[in-house]
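Two complexes are shown next, each including chain A; its partner changes from chain B in the first to chain C in the second.
Our next item is the complex of A and B:
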């Protein structure tokens, strides 16, 4: 039996929208790939998300949002991550996020933004390759 | 291939009947679209009330025949635009409506006796309906002339759309308040739109959508009966809402089976006497979750097929999605194409010349039977669990839907299911023929400023009085509609009213089922 620590991933839903189909599919796919998944449930504030990430000692945060509020909420989350000194954490995002916003989101430390139609295999590989060892 | 063998026990009069006759498989009305076309009703809303008012007028001038309001998330969750939870969300996914003031602007120059209006609102449905009533009163439109629909389907929120404010019991109470109030005072209003759409969008199959929606319908009928209403007092105004997905014939069969099964349930389970109590009047929307962000113009074609299925299935009302919706809220040009799609089906395709043209097709009748059978099996299982409320508590629907969604995704990834432009026939660079709609961040500032100004100018003593009264009535478990109307007329805000209800009812905590 391997004693290697499994990658721990927090799948988080900031914002008020309730579209959790994608978040849940990503959660299942990463779990099926052998990772440990914590799913926050809907409508989490930036503070709640970062607090959960700390408490659960995760390596990765996946943010899912389809409400259009990413431009306000993602910078808040990234600011808190920095403040708490966990900015070596891998953060990725998905949902309905216009192409022209992606550049700005990457600048604040979000490693990648995945749009609709992304195969779950791509996500699994991305998380495996980019998680701090 | 299908032959008479597949519908061997088929009895024309019993299983199909003529259009307008029990069990309504062939349609609710004898003349169907020859007599009257479906209502072309485009769901829309973004930014401020002014912006959406302009979009409404644009759509009406382009031939839309009914309005349908999309509210922003703060409104849907019962938060005013200046609430901390509303930050970044105001006007983003719908129009911001925090008080009667916003609603007045939204309907400026739109006479309520000339339009019908559908409102996609659930937790705060009573408040938005109350605002509509208040606008009607101001315009001098008699209440019995108000024509429209509140979605008000709070049960499906717990497992499909998941925009819940209150726990299940008070949520059902609020839904029932509206059903009761409309039965007594708004005879032309559809108090509820029992919705499969969100169940399907969350990932269910067609059969699950059909079964879970009808199970919800049964729960609402039971709740209204418990309230002391007679079934024929409210059943004729119950309305339904389904998705039209990609599988063309399966969808047509679903709509036909839905009508037949509901008529049977109303007749056999609830012993209705008014023939209109047997009617399942439905609104259909093309399926947003079938849309691809890749090669988005292809979505035009998906919408065309899905709309055609809805029409061949006999819908009363239709929303066609705009092809840019996997990327953003629709821009004006894309909305026009969506509306034109309906108009082309209505006026060019010839499918409206006859009634239920697929009636008698071996395959369609076989599928309709199968749909009904399999949905009935589900409904029996839900009954055995003690009904919808206990099934929700057990996470039954949530698990069923999540499993179907995951299976669907796996089928796409293994290419068992082809998704054109996504897992096959891909291109390097997508063609998007127009600029996407962006809601400017200034919208939030403007909306918050107007909202706070309104709060300063209103009679705050009067607001407090009516909110105290509402608190009292909520405690005493009275029908809250009359007092909510009074509160809104005094310019109490959506958030203030919701807060009163929250203190009495408590807040829903999500049951997480992954």
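Our next item is the complex of A and C:
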């Protein structure tokens, strides 16, 4: 039998957001592009997210946040990713993130930040182009 | 082969990254996977494997979360393999089972892995079985496998389990039909979940009636109990039933069921190996496409071709 690789993506919701419509739209678009999506559900701590990424051995982590807590939570998450030695995973972020924060987020290893209106096609293409599968 | 050896060592020491990487190799069917699995195979057989199946939305994942919680309280380590279907149209999958179990994601004594079935009928069973083996070899006391539905593939997967729990819920309509369609034989324990719902007792007595009619089954008599996975009600009773079943298996039935498992797996392995090598052979000789064309043109059919290949193989 031949090998059958699939892009596995963790869609994670850090912080205290109370809805996940955006995250679910992203999840659906990536799934429809043939990827396997693991979803964490709401209100995840950085530890939970990183540990889940590790156990699920995903290729990509998508962080979705609306609450404005990204400045605290994202550096924590990126720190843990390094600590656990899974920094080969591609990390992107989406949700409500002010433009002026994007530079800092990219500096800590988040590859791209997508605003609320991003067409899902752009996202799918980004993931496909940044994973070697 | 160094990488493979390192992974094996890591799995045996319970290293989470190694466990995760090994399962990925298995589900991608990478060349080093069979070797790793056969080495790990020697170290399996210690875990009690519980299969949890039943219709969509009956509460399987919620119930498993409660089982994990109670098992952890009792000091047991737990592995979970949660299987969801791959979309036949896009090849993608949404793996949502672990949402209900996230509380345990940072617990060192718990390892949860989601898997898509990747549309492989026989292969599905194999990758899942091997993932269960990895968790077993990593030293988990209990390994739980969640699958959805009542189809043949679920029945296959469930063969890896020592104890099979079929989770139903009131108001899911064709439950009883589903059971009759073949899940009946595989269940060691029936659960009517969502006991907080009105017609739970009706479902319970329907299943009870059905179980009473089935007097043929010797040995273990499957029974039915109610749970409310949302609150955890009925979980202690369920664990007691699982424990009883485990005791029952210890008294000899386990040996028999292991023999059955070995037999099915041996048959599967032979089928896979022979089919693979025959197909490869045909492809190498450039006959594969021609054969397909002939079948499409109705000049021959798959069974005649297979017969001819078998005869040829036997002559050699």
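The definition used in the following text is that the second predicted complex is superposed on the first by the 128 of 133 C-alpha atoms of A that agree within 3 Å, B and C clash if a C-alpha of one lies under 4 Å from a C-alpha of the other, contacts with A are read in each partner's own complex, and residues count from 1 in each chain.
Everything that follows uses one rule, which is that a contact is a pair of C-beta atoms (placed from the backbone, for glycine too) under 8 Å apart; a residue touches a chain by one contact, two chains touch by 3 or more.
Note that the structure is a prediction, hence the values are computed from the model and not measured.
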Three-chain arrangement built on chain A, chain B and chain C clash or fit: fit
Which superposed partner A:37 touches (first chain B, second chain C, both, neither): both
Partner chain(s) touched by A:17 [first = chain B, second = chain C, both, neither]: first
Which superposed partner A:27 touches (first chain B, second chain C, both, neither): both
First, second, both or neither for A:116, with chain B first and chain C second: first
Superposed model, angle subtended at chain A by chain C and chain B (C-alpha, nearest 10 degrees): 100
Partner chain(s) touched by A:52 [first = chain B, second = chain C, both, neither]: second
Per-pair minimum CA distance [chain C against chain B, superposed on A] in Å: 6
Touching both chain C and chain B, counted on chain A across the two superposed complexes: 27-28, 31, 37, 39, 41, 45
Touch list for chain B against partner chain A, complex: 73-74, 76-77, 79, 85-89, 92-93, 161-163, 201-203, 289, 291-294, 326-329, 402, 405-406, 409, 412-413, 419, 422-423, 436, 438-439, 441, 510, 512, 514
Chain C - residues contacting chain A, complex: 16-17, 19-21, 23-24, 28-31, 86-87, 90-96, 98-100, 102, 105-106, 111-114, 116, 118, 123, 272, 276
Of all residues in chain A, those that touch chain C in their complex: 1-6, 27-28, 30-41, 44-45, 47-48, 51-52, 54-57, 84-86
Footprint of chain B on chain A - complex, ascending: 15-18, 20-21, 24-25, 27-29, 31, 37, 39, 41-43, 45, 67-73, 96, 98, 115-117, 119-121
